[in-house]
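Okay, got some structures for you below.
The following pair of complexes shares a single chain, subunit A, combined with subunit B in the former and subunit C in the latter.
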Partner chain A sequence: MEIDRLDGRKANQLRPLACSRNILNRAHGSASWTQGDTKVLVAVYGPKAGTKKNENPEKACIEVIWKPKSGQIGKSEREYEMIVKRTLQSICILNINPNTTTSVIVQVINDDGALLPCAINAACAALVDAGIPLKHLAVAICCCLADSGYIILDPTKLEEQSMKAYAYLVFPNSILSVRPEGSLKVQGEPMEHGVITSGTQGAMSVDDYLNCLERGRAATAKMSTVLRRNLQPQIASDLSFGDAISRRDLSGMISQREFYGVILRLDLASASSTA
Partner chain B sequence: MENKPTSSPTSFVDQSVVPGDVVLDLSNMTNQTLKLGGGLRQDCDAISVMKAGKLRFSNPNKYWVESSQKRYVPHAGDSVLGIVVDSKADNFLVDIKGPGLAFLPVLAFEGGTRRNIPKFEIGTLLYVRVVKANPGMNPELSCTDASGKAAEFGQLKDGYMFESSTGLSRMLLSSPTCPVLDALGKKLSFETAVGLNGRVWVNASSPSTVIVVANAIMNSESLSGVQQRIMVEKLIQNLKLST
Partner chain C sequence: METRLANSFRLTVNEKKFIETALQSDLRIDGRRPFDFRNISIKFSREEGSAEVQLGQTHVMAFVTAQLTQPYKDRPNEGTLSMFTEFSPMADPSFEPGRPSEAAVELGRVIDRGLRESRAVDTESLCVLSGKSVWAVRVDLHILDNGGNLVDAANIAALAALLTFRRPECSLGGEDGQQVIVHPPEVREPLPLIIHHLPIAVTFAFFSNESTVVVDPTHYEEAVMGGRMTATLNANNDICAIQKAGGEGVLQSVIMQCLRIAGQKAYDITTKIKNAVESYNTERALRKIKRHPSAVALDISGAGVNIGKNQNKPLKGDSERSNLTSEKSVTDQSMDIEGEAKSSEQQQTNKIDGDAKNFIGGPSSWDPYSAGVNSDFLKASLASRGMTMPSRKEQGSRGENMSGEAKPVDPPEDINVSSSNIEAAETVLRTNGERTLQDAEYLRLAYTGLAYFSLELTEVKCKVFRL
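And now, the complex of A and B:
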């Protein structure tokens, strides 16, 4: 039973992904993440000395500021801030720089569905760009549940509003390992089988939720490869020291970042059409 | 689409890694001492990556992740450029682009006594050496080398300071001399101080030379050796045409 999506995608197909790093000159780390028409820009500053009053000084503190595209800042922005903060706290290694604060500023450029997963992906890429030590990466995805029980991935805003329920899920990325059994184990299960964050809106049955988890996890494998490819250092061919990231566009040179963005889009479209 | 590789790779050395990758398995490496540099941490039996970058190995037993950031992680023995932020009775508070402010004791100068404490105003640029950088504590600096001599450390007067990434600083300090400094040095005369914390100071007799050198260094980050030389030639040609 096929479901017709407005933009012609199949149920499991994600929108074109584009990710760029190091776009802001003054921020210590920055990244933008685009899924179709949803675009989020994240800047990371830090670590800076000092923590807030209620925070534990033995650990590094992460503060998140969410800036909506328009309108005043209200309770929903505070909720997004809290969700992003908790997610990032679970992937950062907090005891490396005690008594410091890392500020993450999330700016929504356009919202066309799956806003929170897009923001979490961008925040993770920005933390890596800033060099904050992380345990692993986080990949986030949004799954929608239609009335017929059909699950679709990466909804647009219209689809989100017309569906019965949706869930956004954040998984650890798939890692490369020298060990044959792969990742580190947490309580007997490989770490990759875990879920970092899960939030739902609307009512769904337990079976539907477990289905969402399965589909979402399979899709994050593709997003993981996209993220990994984009986080590679851009280095000049005959220099073997340091990795050189193009900070300024020299006149006449095509910006490397734009080029990467186009390649990622084609790759994902062709990969998801065969899935 | 194949997700699981049929056999795991034997080594990740000289490859790009992202946080979470397990690069070494300690269970089959007993009785060896390993030295882990930046970007790696030990998690029970495995060494996993904390920062994205290229994994490097140096004989006999050193592993580290090479990456370039805008902020600096203080290590003992590094020479950095710091800016004085405040002065207390015993220390100057110096900003070195790290997680916290660093302390420079007022007596840490060659021939320093309580009677001849230097007076550094807020905003003074200093070339200093990191003496101690323990986790959780403020780093400690010194304006002398390990044997107590001044050795070019101290205040940098005049000139122009700009920020770079830590990767560019390492490239400028590498030996043999990096191509951009080599090409500039053949035609122009200037002096530079490069801090491993991502700050570079340039001084020359005329402002136009300072600007050309600073621009050349800033643009050389993503260029290969040959491209750097070509860029320097073009900049120097423009300089000659305008004078």
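And now, the complex of A and C:
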């Protein structure tokens, strides 16, 4: 049974994606991610010295601040902050810089459905832009369950509100590595079959949820190519340190952070070129 | 928190000395002259009332929303305008989330004073029901990147957002005429705010050596400066507000010189804002035909749809995403139905009966955009872009075309031609018994098109723009 979506997309079709990095000047890393009309801007500062009181000082700490487009900050913003923080904690390598805080500031520019997955994608790109060490990238997607049992991907706000239930899922980006194939599997399953974060709203049956997982994973393959492709072309300009230096007005030193960022992007480039 | 202090922006002594010494020879570190502004770029997003301003490296976004509330007791006939400033931590590592800092409060107050005290925004027109119900306009300013001179950038963003904001039209109804009915944008065209003039803030930074003054300081210069002054003026050289809170003492002659310079800068910036808003308004009007279906897409599937040839295409609600080519082919029709935005490449028209959306506002409002899209005007602009559309030229064949295919109307270049169009339309009306509603609407648009057609394009734009 075909579902007619309001904007004419098929059930499996995503909205047009756009990602741009290094938008802000003061922030150490910044990225904006657009899915259709939903647009989120994320800035990353870090690592900064010290951790907050209740955090483990033997690890790096991630702090997320969620800024809604307008209105007061309330409980739902706190919930988003917690979800993004836990997701990013699982992809960052936390032992490299102990006793530091990395701040991730999320600004919602427009909300037209699938807001949280959009923010997670943007945060991941911003972390790469800032050069924060990551284990792997993460891609997030939102799946909606219609009354008929049909699953549609990447809903708009109207669709989200009218559907029976929806789930947002975050999957690890597939790793392109020079290491042998076997080492990429975790307990016999390929690594990209794992789920980093999953949240649902509304009631759905177990089978429906597993269907969502399957569909979401297939779709994130496309998203991860977009993400990877976006991270690549900047490498030509990143390779020249002169460029990096000219970006800073007065201080001629390139920080360790930017250096790390270049190395990380070189990694991605070489990894995908061997693929 | 000590950890926060470790992240605040500190300039070294060498850097400070460098900036000051360079200023003594009238050199600024980014190569500007002392009284040059940085490049201003104003962008709007698709929804109304949101503006993004970049002043050099400073990046500010403004969002305007409006709600119906009760008025203040001492001003029962006036609406309210309130500013909320957010110094987001993404702008500067030293901005902390939570309570707004002094600088944030000061920025909000300066911009608010410039708009409110000078009566730039007309609050009396925001009154719906005296003493009971007025519009409360709220401006949210998000500082995204602090490259210095946040006040000026935020002021421009707030003005641009207020100029492009549209509030829903509402009327009084109910049994006793006391109930306020808010019309959704699909039914009645939303109205812009009445803004009498544009107060522009210009910030000066004073340095301790020999009364050096610069305009539009960057954040490096702000860290070095001894004092600052913000003068809010409009293009008529009226001073709306002056803010000099502490800092270095400055000679009177320097202040007068600054005010003169501020006058010139205010005039330049006003023209830039007006140009940006104008081009946004024209672009929005061209898109307006397609704005309706995205909102009424849910109704169309239920109502009786008179679809010409493509029955199976689901209605494309949000056709704003369609690219420019499909936009052009959509504006063939005098109606606002766009579902076939994508399919109109095949020159099909979908006619939906009982569509009263184009009859917006009365003849009393001379705003050509609120009268529904002027099909002739659009076709003229399309023709001037050189789009080739098949069977566009014949006027005589319009009779047959009206009944089924895309309506090829040659944009009449002068009044004589357009009057013959109207005659042709009238004959069609008489001959074609069915589809009378659509013909009537076409006639109406053609008549309004007559009036506007004799004007130059720029004149039409000036009418829309209420400044």
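Basically, the second predicted complex is superposed on the first by the 229 of 275 C-alpha atoms of A that agree within 3 Å, B and C clash if a C-alpha of one lies under 4 Å from a C-alpha of the other, contacts with A are read in each partner's own complex, and residues count from 1 in each chain.
In the analysis below, a contact is a pair of C-beta atoms (placed from the backbone, for glycine too) under 8 Å apart; a residue touches a chain by one contact, two chains touch by 3 or more.
Treat the numbers as computed from the prediction; the structure is a model and nothing was measured.
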Check: In the superposed arrangement, which partner chain does A:121 touch: subunit B (first), subunit C (second), both, or neither?
Finding: neither
Check: Counting only touches as set out at the top, which of subunit B and subunit C does A:87 meet: first, second, both, neither?
Finding: neither
Check: A:65 contacts which: subunit B (first), subunit C (second), both, neither?
Finding: second
Next item on the list: Determine, for the superposed model, which of the two partners subunit B and subunit C contacts more residues of subunit A.
Entry: B
Next item on the list: Check the residue A:135 against both partner chains and state whether it touches subunit B (first), subunit C (second), both, or neither.
Entry: first
Notebook entry, point to check: Just subunit B (first), just subunit C (second), both, or neither: which does A:109 touch?
Noted result: second
Note to self: On the A-aligned overlay, A:97 touches which partner chain: subunit B = first, subunit C = second, or both, or neither?
What the structure shows: first
Note to self: One more residue to check, A:4. First (subunit B), second (subunit C), both or neither?
What the structure shows: second
Check: So, A:48: does it touch subunit B (first), subunit C (second), both, or neither?
Finding: both
Check: Following superposition on chain A, which residues of subunit A contact subunit B and also contact subunit C?
Finding: 48-49, 250
Margin query: Please output the residues of subunit B touching subunit A within their complex, sorted ascending.
Written below: 1, 3, 7-12, 16-25, 39, 41, 43-44, 46, 48, 50-54, 66-71, 73, 99-101, 135-136, 165-168, 170-171, 174, 218-219, 221-227
Item checked: Sites on subunit A touched by subunit B in the complex -> 28-29, 46-49, 93, 96-100, 128, 130-131, 133-137, 172-180, 182-184, 221-222, 227-228, 231-239, 241-248, 250, 256, 271, 274-275
Next item on the list: Name, in rising order, each residue of subunit A that touches subunit C in their complex.
Entry: 4-8, 16, 23-27, 30, 36-37, 41-43, 45, 48-52, 65, 67, 69-70, 101, 103, 105, 107, 109-110, 156, 249-250
Margin query: Using the touch definition from the top, list the residues of subunit C that touch subunit A in their complex.
Written below: 1-3, 6-7, 11, 15, 18, 29-30, 45-47, 57, 59, 61, 63, 65, 84, 86, 88-93, 97, 138, 140, 142, 144-147, 219-220, 297-298, 313-318, 321, 342
